[in-house]
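So that we are looking at the same thing, I have put the structure below in structure tokens.
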Amino acid sequence: MISIKDLTKVFQTKDQEVRAVDELNLSIDKGEIFGVIGYSGAGKSTFIRLLNRLEEPTSGEIELNNENLTGLKKNELRLARQEIGMIFQHFNLLWSRTVFDNIAFPLEIAGVSRKKREERVNELIELVGLSGRGGSYPSQLSGGQKQRVGIARALANNPKVLLCDEATSALDPETTDSILDLLVGINEKLGLTIVLITHEMHVIRKICHRVAVMEQGKVVESGDVLDVFLHPKEKVTKRFVDQVMGDPDREDSLNLIQENYRSGEVIQLHFVGENTNQALISDLSRKFEVDVNILHGKITQTQKGAYGTMLVQLVGDEEVVNQSIEYIRTTSVEVEVSPNA
Amino acid sequence: MISIKDLTKVFQTKDQEVRAVDELNLSIDKGEIFGVIGYSGAGKSTFIRLLNRLEEPTSGEIELNNENLTGLKKNELRLARQEIGMIFQHFNLLWSRTVFDNIAFPLEIAGVSRKKREERVNELIELVGLSGRGGSYPSQLSGGQKQRVGIARALANNPKVLLCDEATSALDPETTDSILDLLVGINEKLGLTIVLITHEMHVIRKICHRVAVMEQGKVVESGDVLDVFLHPKEKVTKRFVDQVMGDPDREDSLNLIQENYRSGEVIQLHFVGENTNQALISDLSRKFEVDVNILHGKITQTQKGAYGTMLVQLVGDEEVVNQSIEYIRTTSVEVEVSPNA
Amino acid sequence: ACGSSDEEGSSEDGEDQSEITVGASSTPHAEILQEAQPLLEEEGITLNVEEYQDYVLPNRDLEEGEIDANYFQHIPYLEDQQEQNGYDFANLGGVHIEPMGIYSKDFESLDDVQEGTTVLMSNSTADHGRILSLMEEEGLITLDEDVEKVEATVDDIAENPKNLEFDAGIDAALLPENYEREDNVLVAINTNYAIEADLNPSEDALILEGSDSPYVNVIAANSEDEDNEALNTLVEVLRSEEIQSFIEEEYEGAVVPVDE
Amino acid sequence: MLEELFPNVKMEDMIEATNETLYMTTVSVAGTFILGLLLGLLLYLSGPGGLWDNKLLNWITATVVNVFRAIPFIILILLLFPFTDFLMGTIRGPGAALPALIIGGAPFYARLVEIALKEVDKGVIEAAKSMGAKYRTIIFKVLLPESMPALVSGITVTAIALISYTAVAGVIGAGGLGDFAYFYGFQRRDFDVVAVCTILIVIIVFIFQFIGDYVSRRLDKR
Amino acid sequence: MLEELFPNVKMEDMIEATNETLYMTTVSVAGTFILGLLLGLLLYLSGPGGLWDNKLLNWITATVVNVFRAIPFIILILLLFPFTDFLMGTIRGPGAALPALIIGGAPFYARLVEIALKEVDKGVIEAAKSMGAKYRTIIFKVLLPESMPALVSGITVTAIALISYTAVAGVIGAGGLGDFAYFYGFQRRDFDVVAVCTILIVIIVFIFQFIGDYVSRRLDKR
């Protein structure tokens, strides 16, 4: 649906040239929820703004629905944009309009009748949890409330593509979850394609199908969410995934573990979509004379079974411990010895 | 250090009265890192803005260092504010100043000499990872870069108290971590008191000593971070902690588990600062004829030992399963049967 | 610089040379004065001309002694100003008249003037009595007996058989424009403006003031200078043959010299 | 008592002059608002970084605006005679002052409009663009509403400038308080009349300013 | 060729008039800038929600500003005679026009300053407050720099209004291009002189506008 070729955007500042997006190649399928992650300043916002040509590319091409977006005339671009919703990092609400009127704005642009507009807006206000605040002005809202208005506005006109720039960064987890559920719902029901920038990895995990990792304007890695998370190839991705896999505490735990658990062997187990080996610890304990101390880790159920990582300590004779490690290697659970090295 | 009594702030909008902060009582100690969490619109930003009187309270009192802040004259307030740094949710950078000059601003206000200013600012630019961007204007920065300028600016004048309104919400996890480390460092070295609003629970867990949960303008619960997290009293706190304890996936997992694991008994184990019972699963498997399938959960090492929650499935004879549950009850690990009910 | 009898500044042949400064409107007054400069020089008088663009400052400066005399106003205006501002001036003698004319593009003669025709006058009140008495002479209106002609205003009209309407709010310099553009109006235009607008007063005017008009432009000076020799010489020179013929030729009837 | 203080002031003259001033001001403010808004939008839209970014159009608009601002008002009145005659059928009276007032005021207001529009947050313009808004929509639903407080304050400033222009319009017999004051003050030295006229003008100015401030404040929801 | 087109135009007159206009404009712009900035700041700071929020002070400032804006410029010149005489030692010539120009222009610029200051983001003012900035610091380091593009555009507009005011100042013999045009165009009907004067004024206006636009754009880092 969206295919991007050699996309480059260079900003000229007084003392230097910033290559915000640098020969980027990517393709995003129809109906996909595509996540983009990367450190601050990696070029994510610039990239997403290039997708609806709020930023004119320095070079490169973007195809949307087999149409060359970069070649569109003004009027064509305008019509194309009506099908692309956008949630801005800084909200960009009109201070002169109430919550209601802000959400109604894209509908006015698309020429929806007053009655239908009213219905749709009220529905959206409900959806983003702002009932009763329709008459408030943006200046009377909290940060998160503003962001929700921005989300409702982007969804108002039932776009085919939704570009989200840190759409949930100002939201508490409950509100985030409800918004994400909303997005998934629309994605499934109407086949909405979503490009989503975030630094909250659980957002990626929860709703994205694929993810791209950006660094210094380039996509350094991309693929299925599970693949990228479990088998990060690039060094930067590893660091990123390690840090954000909903488990930012691992480092701390490792330090504490190194201090406190000097006996035995500390190993790391990777459960990669397990259905059969979930009782591995029971199994081990019974087969070998080892105590398995669970030190740290996280396991989650997914459609493909349990996945996650666990740091455990095997306490027992050195030989027995080695045998049990050998045994684990015969199962589909991956094992890593001395993970803190 | 900060003691707050019956603090109330009422906003008047056209069609209603918003009690953003409602008879709030709280005290924050010197050198403490105090977290404030709560849903969007709970009144967190309003509360923190009352602390340096950017918002005049409708009623109530604030004492800072045994000085009645609410009673201060203009000039006294001004001097008091020079000791209070603030990081804004919307950054509030001066577009007319470069990164360098924005960070230098509080130093100019405090009358620091040009040479010292230069040193300090360059140090801060380095600290927040913006080396080489000192000459850029805010409009040339990414969202996260702007936020980092805001952080550097708040720290520039070595404040005694730091108020952070979602200081890391626009930052990726790596940058967040480095900023948090920075804050902890200053807190430990210089005894900086920090009041920190966030919706990222790992931020609370990582650096806060105490935390307050706000709802509808009131503090509904507060206390030591671990206490509040492990033994949430209020219903809202439970929901909050459950959802955000770095484990927002529990709900999803439970659904999947209910679908897929119809045999056996699914129980939930709470490890509350365990040192002795970490091998509980090994133990069980050896003592009883049950397989322990780990379905979902999270365990983290803390200073007080491992804590966390785990959903496991006990597969075996009904009687044996019951016996093993009885056995677990004799340990310090807490158990909950049919957690999904 | 009121130094008509100053000893200083003698010329080379030993005769007494004195210097006077006269404030004047630029046309025709300043031009006439410039024409007189060489003649005065022969009489041992250096004449400086200070041009003014308004009608208030020349009197003010005269009183304050910045100039020795002025030459821009007619007698009724001078009298009005003296009364209004308490100036103590003397009229040293008249030089010329700029006859007021009443013009119309649409009416061939006064008989054609229709009922209810509008008469346009300048917003300079000093002109009003002049225009009204001119109209009275032609029998268009009659003025209140008790009012002095030169001070008459529209309110003093006793009879107005043709029900003429009066509009007296327009800048004098703009009246030729009204003459050009408006239909069925009578416009009272000062001759200098009429000439600037390429009108020929003697041909185009329905009514034109004669040389018996009281609106003579005079040389005015402070009363104490009434007998100042240099200033009196100036008046004499301005009334000389040479200057009079200059006026007649140069202004083709728009400016009429007087000598009484 | 009042008569003693202001012996030369005639009530009906004052009322008439006030009416003339009010008439000229309100009508010319309305005209200036529309024409100035148009020119100001044109300046902004065709300017660097504007929606239409068009050097030539910008140059033409800027020239028109600058030329009409450059011509002294009194000369403008003169130059506009043919146009005024054609439009109003007369070149005398308050009505005839209107074209000159509007054409003198509009370029001036246009610049204030341009300044106001430049202050509109670029972000919301981008937001509207991203929704595929037509230029017309961006103009009427984003640019104008978001700059409305400044536009209202601007027309207030312009209105008050127009009030003082009406004094100059006295040369064509437009009347009004300013002309009255000038006439009596300068020619007749009846300073009581000048004082009363000036007080009346000040009152009118205050009323305009008050309304402008009030509306501008009510519109500002920031 | 040029002489045929403009038979009545004398080069040295034009140069002198241009010099007079430039002199009056530049000096009065400088004066207006300072005085207007002061008044505008006072208006903004004492206004509702301003730093000093003071009804009385605001009322006084607003009154002064409105009164001086209300008085038609030509009357202002007249009223200022004693003051001008005291200050400049003369009431004639370009120098004597300056007090009236500045006192006429400043209240006007004050309003533009007020409008510009109102557009400054409340957030950055709060940020400065939260750092314990003195009012002076907030004014000089936040309010003025953050509104600088609009302030510069505003003084450009005012400068050009002052150029056309200089024409009126002709009544006190201030000279300048506008007066020259008025005198020759209005009273003598030498339209070639009017044309040349107007062209020269337009050129001056363009130069002012160009400088203003350039500076304003360079200052705007948004």
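By letter and in written order, the chains are A, B, C, D and E; residue numbering begins at 1 in each of them.
Keep in mind that, in the parts below, contacts are C-beta pairs under 8 Å (C-beta built on N, C-alpha and C of every residue); 3 or more make two chains touch, one makes a residue touch a chain.
These numbers were taken from a predicted model, which means no experiment stands behind them.
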item: Any chain that touches chain E and chain C; value: D
item: Touching both chain D and chain E (chains); value: C
item: Maximum inter-chain contact count - chain pair; value: A-B
item: Distance between the centres, which are taken as Cα means, of chain D and chain C, whole angstrom; value: 39
item: Chain B and chain C, separation of their C-alpha mean positions in angstrom; value: 91
item: Centroid spacing, where centroids are CA-atom means, of chain B and chain D in whole angstrom; value: 56
item: Contacts with 2+ other chains: residues of chain E; value: 186, 222
item: Shared-contact residues (touching 2 or more other chains) in chain B; value: 90
item: Touching two or more other chains - residue numbers and ranges from chain C; value: 174
item: Every chain pair meeting the contact rule; value: A-B, A-D, B-E, C-D, C-E, D-E
item: Contact set on chain A toward chain D in their complex; value: 52, 54, 77-84, 86, 88, 90, 92-97, 105-106, 108-110, 137-139, 157
item: Interfacial residue positions of chain A with respect to chain B in the complex; value: 11, 13-16, 18, 37-41, 44-46, 89-90, 132, 135-136, 140-145, 147-148, 165-166, 169-177, 199-202, 205-206, 239-240, 243-244, 246-249, 252-253, 256-257, 260, 278-279, 281-286, 290-303, 306, 310, 313, 315
item: Touching residues (chain side chain D, partner chain C) in the complex; value: 78, 81, 85, 90-93, 170-175, 179, 183, 186-189
item: In the complex, chain D residues that touch chain A; value: 121, 123-124, 126-134, 137, 141-142, 145-146, 148, 219, 221-222
item: Residues on chain D engaged by chain E in the complex (per definition of touch); value: 48, 62, 66-67, 69-75, 78, 108, 111-112, 114-116, 118-119, 122, 149-150, 153-154, 156-157, 160-161, 163-164, 166-168, 178, 181-182, 185-186, 194, 198, 201-202, 204-206, 209, 217, 220, 222
